[in-house]
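Two complexes, one shared chain (chain A), two partners (chain B, chain C).
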Partner chain A sequence: MTAQVDPEVNGLQVRSEVAPAIELVHAARWYGNVVAVNDVSFSLGAGVTGLLGPNGAGKTTLLHMLAGFLAPSAGSVHILGRSPHRDPSVYRQIGLVPEREAVYPFLTGRDYVKFNARLQGLRDPDGAARAAIARVGLEDSMDRQIGTYSKGMRQRVKVAGSLVHDPQVLLLDEPFNGMDPRQRIAMMDLLGVLADEGRTILFSSHILEEVERVGTEILVVVAGRLAASGDFRAIRALMTDRPHNISIRSSDDRRLATTLMADPAVFAVELTPAGLCVQTAQLGAFRRLIAGASRAAGVRLLEVTPADESLESVFDYLVRR
Partner chain B sequence: MSEVAPVGLIAAFMEISRVTLRQLLGRRRTLLLILLSALPVLLAVAFRAAGETEVERFTRRIFDTITMTILMPLVAILFGSGAFGAEIDDGTVVYLLAKPVPRWIVIAAKAITALAMAILLTGSSTVLAGIIDMAPAGSDGVSATMAQLLAVVVGSACYVSLFLAVSLFTRRALVLGIGYMLVWEGALSFMLPGIANLSIRQYALGASTAVYKLPLQEVRLSAETALLLAGVLVVSALVLATWKLMRFELPGGSD
Partner chain C sequence: MALIEASGLTKHYGPVKALEKLDLAVEPGIIGLVGANGAGKSTLLKILLGLVAPTSGTASVLGMDSVRETRAIRQIVGYMPEHDCLPPDVGATEFVTHMARISGLPRSAARERTAEVLRHVGLYEERYRQIGGYSTGMKQRVKLAQALVHDPKLLLLDEPTNGLDPAGRDEMLDLIKRTGTEFGIAVVVASHLLGEIEQVCTYLLAIDSGRLLQAAPISHFTRRVPVLAVEVEEGADRLAAALVAKGARARQDGARVLVAIESDALYDVVRDAVADLAVPLVRIRQERGRLEDLFRDDAAAPGSAQ
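Right, the complex of A and B next:
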């Protein structure tokens, strides 16, 4: 997976050499004067990636472009080296879970998944449907009409339908919508397993905890532009214009604070009942500094924890800029 | 997971037809159409009971007034515009289009299923009513019934194809279809004989003369011309529908 931050945001990027399953190059999509996606470039290899962004950021537009249902107004979109637009044969390798909830209500779950299997030309649609339904844990309800399903069950049967032909690339638009906590965890685990099997999985979500649980790779879209992509912890490390907050507990917080304040790598030190909260712009320098500083002060370190390396912190920073 | 084979065109056709059939049958309006299609049969029974069994009387009062003017166009427009309509409205068309199936197969399966349903309803009504009321007329009655069935088949094929294609361009295909039926076919084609070449009703009635010359003065096209124009309309509409489906785009959504 390519890890990068929009050069206009931070001017920093890190690239890998893995051949991409998904590749966008300067892709844009506009409707009249409205720009939905603007000059987005990224590439993804095997693994699971969360597509994040506030409402209206362009996540669904991006997914529809990747799924071949929207032509880019500019730039290019490739799935496994081919343009998905107007090429139905590419769907042998793509599984798509759209955001819209509707699924043929008059079909049973089993019939719906078999419908997908037959249109994919599988030699054993019954067996493939049973296996896909088992993966999403819907065996007990597979002979009920989808119209009687809860929202979460409909999401799961959509995922089963998208998985039935064992696609290399899975595109999921808000796949956890309507699921209860137990179903969410099961689906997150399933995405992890599918990614471990070598698939490329891109899912959109507006719930950060979901993305954080499934993996660390993210794409952040803000106002149609790709604000950042890659491991969110790596992205956080690249945000040099924002001080890192580090929580420290030690045997003598006040003495350690005095020592740390003498170092130019440290912006500020706050003494709190829970310990020290240190701000630094240079995380690497601080990591090297802290051990020596504690020794010099004769203080024993009990805990050193990055306080703002969560996905929420990264997302909040990128969206608010 | 299962082994993948080239998608069998016949298997894909059958699967899409099966789902389309269930979509169309599951609608309340289909029940209303079934009731409407019983009307010519009930009237034929009434005519027969009253001793009015002439080919001309039946053709004018039941076939022309009810079957050709209301029943056949309405059934075919509803099935044609409904073959895709609901799927596009509720987004389920994605499940159909995100498959390695040629788009012309999707269109062919939808059109043939809708046409089969339209012919099943209107055609069976026409044949049954014809047999009931025109049987005493002997071979003329049988020939007239076959000619009426041919008119229904040709007219239904034109309406289904045209409004299936229209439904891929606008969500108002049903309204446009009923407007066409009432304004163009119901009024203008009577007042302006010159537009016979642009009237599905004229294609259907003209085609029927290949079997039997129905006692209707307004038949303005020969069988050959009518069948040719109907064929051009059906093929053009289906090609246009395939072209549109190949370019089908989903909206970007709110996020």
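Right, the complex of A and C next:
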């Protein structure tokens, strides 16, 4: 895996050496004069990746190109080495959970999933439907009409429908939408299990805490461009123009501040009522010196918190530039 | 006076028991309402708004009965529905003024209040444009503005951040917090996002299968526990072993080492162990409870199959 910086959009890319499950090369999609996706290149192998970006950034268009609904206006899109547009044999390897509620309310959950199984030409649609429904934990309600389902249940039946043919690639557009806390936890766990089975999973979400819990790999789209891709911690490390902020509480903040200021790895220390705010450009060096420095100063360390290393800060830096 | 009171509140829709003998008394504040889908949240909101009558039992808002004093309640309650409910072909100003007029404000007052609340929710030049062309974030703001325009004492917000992107969510949460603290309006926020509730709410109301699961201040769930979490870039195993050797009760948890805080001297033991091993220190933090634990512990409880 190598990291690259795209100077124009503050981005970087991590490329895998193995044949990627998903690969875009200079892919673009426009609608008339509206450019939804603009010159995007990335590749993904097995594992979970979060697709992030503000509303209207082009996430859904990107997913629809991957699912084969849309041909790229320029560049290429490949799933398992083949172009998905108008190629049903590629669909056999793709599971899609669309954002909109594309389910028939008059069908039972079981019928809906079975339809998907038959659409994919499976030999045992009944068995496959049952297995998929079990994976999302809907057995108890599978014979009820979807119209009577709660939002979270409809979301889960869509996931079951997308899993029924055991696809290698899963594309999910806001899969957690409408789910209650328990269902969210279960769905996060399920995505982890599906990834561990060697599938490639790309899901879009606005809830960054949840994305961070599912995995560390992200793609960030801003105004149709790929702003960054890869492990968000690696992305953070590449933002050399942003110093790292660390909040510290100790038994004697002023004394600790004096000691820290003497070290070249630290270039600013602010004394606030809530504690110290330390700025450093060399995070690794700082992390190695902080414990020793406080011991030398005879100061008790009560709390050390990185203030801008979370996915939320990284996303914020990428989007609000 | 209690903000919301319910006693023996029951609502059945045919065979479906949406609420079952719910008892609660909540003081004003910013209240997070959580519960599984189908737990009875929406039914509770509808009863408080006087839109549906309970099968049995009573509910009241600021001492007013939800069945007998429906009109009086609507004077003091603002409601932001979850679903898309805005007319696409009018501007925000026109729509919110209309809602103010419906609430009984005279024309001039309605106009003034509308200008005020639209500014409060952060809609400026765009307020004369047709709502149909608004972004999700702008639509959510209009929904909040119409709920505030008649100066209510209680705001009921149903999934106010639904469909918002991270920046939009932050702004909406900040707006809710300001509305609750600066304007002193009590707010009930129904949401599935526990992180969001931890961030803005002061009180948690959790219902499950139509019954009260939890009712307590948020701080009750997020209080500190006597465990220090020490996160390192590498060498968590060595750090845990070193701490155990020094007599601390420590165990490794991935990149973290969890240490029981038995006395304040422990902080020095941890600092010295990290310094001696020269492991890169990422974080030291006392552990806190999380709202999520509420939904993890009883994952096998009845109703979890929903």
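Keep in mind that, in the parts below, the second predicted complex is superposed on the first by the 274 of 321 C-alpha atoms of A that agree within 3 Å, B and C clash if a C-alpha of one lies under 4 Å from a C-alpha of the other, contacts with A are read in each partner's own complex, and residues count from 1 in each chain.
The rule is short, and it goes like this: a residue touches a chain if its C-beta (ideal position, glycine included) is under 8 Å from a C-beta of that chain, and two chains touch if they have at least 3 such contacts.
Worth saying up front: this structure is predicted, and the values here are computed from it rather than measured.
Contact with both chain B and chain C is seen for A:N55 once the two complexes are overlaid on the shared chain. Using the contact criterion defined above for the overlaid structures, shared-chain residue A:V220 touches neither chain B nor chain C, since it reaches no partner. Of the two partner chains placed around the shared chain by superposition, neither chain B nor chain C is touched by A:V278. Once the two complexes are laid over each other on the shared chain, residue contacts for A:F69 go to chain B alone; chain C is not touched.
In the superposition on chain A, A:A291 makes contact with chain C only, while chain B stays out of contact range. Of the two partner chains placed by the overlay, only chain C lies in contact with A:M179; chain B stays clear of it.
Look at A:H206: by the touch rule set out above, it reaches both chain B and chain C. Partner contacting the larger number of chain A residues, of chain B and chain C: B. Where the contact sets of chain A with chain B and with chain C meet, they give residues 53-56, 206.
Interface residues of chain A facing chain B in the complex, by the touch rule stated above, are 29, 31, 36-37, 53-61, 64, 67-71, 86, 88-92, 94, 96, 98-100, 102-104, 106-107, 112, 115-125, 127-128, 131-132, 161, 163-166, 173, 204, 206. On chain C, the positions that touch chain A within their shared complex are 34-39, 135-137, 162-169, 192-195, 233, 264, 267-268, 270-272, 274-275, 278, 280-286, 292, 295-296, 299, 304-306. Chain A makes touch with chain C in their complex at residues 52-56, 137, 140, 150-153, 177-185, 206-209, 284, 287-288, 290-292, 294-295, 300-306, 312, 315-316, 319-320.
On the side of chain B, the complex with chain A involves touching residues 1-8, 11-12, 15-16, 19, 22-23, 26, 90-92, 94-103, 246-255.
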